[in-house]
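Same chain, two partners: chain A is paired with chain B first, then with chain C.
Take a look at the complex of A and B:
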């Protein structure tokens, strides 16, 4: 187990380091001057003032030196300060985290519930009518952009039926009921985008488990269908799906960006979009680091979780059993 | 193969969408930029099939012209992804060793950055235009293409004919170009179709959050952004572009799926 942990931690750390460097370098190498962006096009700038500002921001130092000092500071919890509001990036980001966390939690919850209902229905009679309908549904779901689902939900539930609000945010601590009401549509939007992936994966692994000999034994000794499904098939097919869930959390983070923006939720996603529109590079870097790190951390945790649940997964492919 | 039969019209649908959108100057009933042609927010009628937008412009014409931008971006992004991704993946698959390791870790790192976020970073730096968006989208789609190309090449290189050709002294570069590449072409075609769907979706998403195509140019995503802002006035405005995007993505995905299924059945029957 320890070897497995170390290996996974090392590869996650490498991917994290590389993607951080990638973000940093692409921001710096692409044309577009952060200082000019900060000053805005409207003001007249003298070359001297520009140079002074560059020096102040440390932008005239070599790229590598900038990269290392940024990483060093980031490791100490200092992500620099926003070009616009001059407030520390770390503070602005952490203020937004609870919103995104809450939304992501509900999205995953909804996706899991849907998958746990649809996949067993689908595998009950593979190739049957229900299975085919669910199959078409998931292919459709994979092709519909998240924000289109959001638009449909708003059209139906906010405009037509006027049941739910379509925009805004109230902290849970202030008004729990209103907070949940505002979360429903965004959460369903995200949940519906994540569901097809989960259903497909869970269905495939359930079908595979169904073929295995222990299920035949269970059938042979006369257990009821329900008992076989809940005690034998589902628990065993959840393990591979767990790995998938880690990835889905990652994709969800990408979708959350758009969902937060369209439903006016003040989370990390809308912060990222705001700072990109304002060309606030310090903010973009900080936000990217947060999002990427949390994605890699989630996949890492899910990997470890799978390793805990199923010892077979702790081995690399090709490595022979030593457990 | 019921699934296959039922979706065999996806290829026709793609050609139809491409044709209508690329021929928009001849097909579109009105000038998409002419303001005040008719009453704003008019519902669908005989004169305006899809109604009019907030400035009284014909929505059908705007969707056709927007489609041309969306489709052209999708095509160029897909080609960029194909070129970069194939070079990337084939190099990794052929060279192996530390080059393979480095190239594939880079692909992992790129895929660890959420696509929208990556596009956001790049577009805020270079500025969004009809030229930068396809490049960014193409680069974004290349790591998945590279992974696919690599695994296809690695599988091919283990085949008997490669061993035989190597043994008979065929030069490796020739072997790759004239034997291996044609063999992985069908798999690349599947990826091409999936990439086209992903490109349409990404472009629409980016334009929808205001970081893609900027007015007065309008892609489907831009139209949806404008329609979404006016959702309380009329729902036609946002619904029709959304429908266009969804149908296009669906067609590309279904087509890719169809080729994949027929490839699989050919492989398993042989």
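Take a look at the complex of A and C:
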């Protein structure tokens, strides 16, 4: 198990390092100039003043030098300062993280609950009426874009029924009730987008497991359907589904940007949009790093989770099974 | 002798391009208490489906069309599934074909036995564990206490099959079905597992239905032999009669096609000409007639009934003639 963890951690670190370099380089390759953007097009600036500003921001140094000093500082928790507001990037990002994490948590919670209810219902009688209805539902969920679901929810629950607020954010620590009320619609919007993937994946995986001989052995023991479902079919279907869930969590973390924007939530996603429009290199780098790191971290955590469910995955290379 | 298990007119069908094809056709047989019966036949003859039917493990699209299966005097097929669950794994249990896939890969093997024990009794976790360890010991697994906590991937095929046997015997079965129980194992392990089943069956007075395509295994193990061809029972009788004096041409051909290196290594292996008929394209009359070297016009005209001829049941119009020809040779 220890070797398994070390191996996974090492590969995660390599992926992280490569992504950081890629992000850094690709942002520099984009057209546009942060200094110009900061000054605004209307202002008359002398080339000398521009040069001075660039030097101050460290933009005239060789790319590689910029990269290394950035990585060095990042390792010390310093992501630089926003070119725009001059505030530390690390501070700005960490202010936004809780919002995104909370939203992602609720979205995934909704998806997991729905998947654990709908997939077993669906596989009870494959091709039956319930299975078909769930199939239509998930197809719709997959094809209708998230923002359409969001708009419908806002129309119905905020504007027509006036049950829930449509925009804004209050930290949980300030007003838990208001915080949760504000989270409901965005979480459902994201949840309805993530659920179909998980339901379909779990369903397919369960159907495959249902065919295996060990399920027949379990039936042959005289076990009840419920026990076979919970002790044999579900745990075995969970292994591939957990990997899928890890990806969904990763995508949700980086993909809630539309939802955050629509519901006016000050998360990482909206920060990314703001900094991109301002060409705030330091901010974009910081946000990208955060998103990449959280993606890698979730995949890592879900790998460990898989290892906990499936003993075969914990097997270290070279540690041959006994015969 | 009391009949522990009897099958009457069992028919099983699978979907085919022309509606449904019968794969087990009007099969009847019985197993007496404490007897070991070998069910032999080529792959596709309906042996395994028969076994699954006995356990009511037949699943759509395969279905049982007709027949009764009696366990003692209860008709298993007409029972409520809820009630049958108490019998399944308890009074009738099964050892499966491939031990490597017959066990849940992510559950400790001991736990898989415990699960079965706790169905039959209300033993506490610790008691059930002790019983399971005993079971592991009785099927000849060394260090059963430690092996209890192994996962299937940590054990060899032979050991896994012993675990499967332990699960099958964790109830108080009267009937044990062994469906190609040793086929996936190598020859030496095969022999050990077979000897183990034999020993356990004798100790507990079990009736065993051994399903195999291996005539050697069947001959070594069984008291009685059932020969199936294309979903039909073609001959059944005691192991001596069937193996020393087969009457049905199919049984004879099957015995002739064995390769026996102990007699003559240069002797070519005889094979039966042609292919077994596909389930959706069974010949009229006797199903074996197109491949039979003794076939006569009447053989393809009507189906020969199973008749008691020369101390065994056989379904062949020419059984009596062929028996006497055999005697002359």
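One rule holds in what follows: the second predicted complex is superposed on the first by the 312 of 323 C-alpha atoms of A that agree within 3 Å, B and C clash if a C-alpha of one lies under 4 Å from a C-alpha of the other, contacts with A are read in each partner's own complex, and residues count from 1 in each chain.
The definition used in the following text is that contacts are C-beta pairs under 8 Å (C-beta built on N, C-alpha and C of every residue); 3 or more make two chains touch, one makes a residue touch a chain.
Here the structure is a predicted model, which is why all the values come from computation and not from measurement.
> For A:250, is the partner it touches chain B (first), chain C (second), both, or none of the two (neither)?
Touch status of A:250: first partner only.
> Could you look at A:173 and tell me whether it touches chain B, chain C, both or neither (first, second, both, neither)?
Neither partner.
> So, A:46: does it touch chain B (first), chain C (second), both, or neither?
neither
> Of chain B and chain C, which one contacts the greater number of residues in chain A?
B
> Looking at the overlay, what does A:221 touch: chain B (first), chain C (second), both, or neither?
Touch partner of A:221: chain C, not chain B.
> Where does A:239 make contact in the superposed view: on chain B (first), on chain C (second), on both, or on neither?
second
> Please work out whether A:154 is in contact with chain B alone, chain C alone, both, or neither, and reply first, second, both or neither.
It touches chain B, and chain C stays clear.
> Over in the complex, which chain C residues touch chain A? Could you list them?
55, 57, 85-90, 93-94, 96-98, 101-107, 115-116, 119, 150-151, 153-156, 159, 164, 167, 170-171
> Can you check the complex and tell me which residues of chain A touch chain B?
14-16, 18-19, 22-23, 26-27, 30-32, 132, 135, 139-140, 142-148, 151-152, 154-155, 159, 250-251, 253-255, 257-258, 261-262, 272-273, 275-277, 279, 281, 284, 287-288, 291-292, 295-296
> For chain A, which residues are in contact with chain C within the complex?
Contacts found on chain A: 212-214, 216-224, 227, 231-232, 235-236, 239, 309-312, 315, 321-323.
> How about chain B: which of its residues touch chain A in the complex?
2-3, 105-106, 108-110, 112-118, 120-127, 197, 201, 204-205, 208-211, 224, 228, 231-232, 235, 238-239, 242, 245-246, 249-250, 253-254, 257
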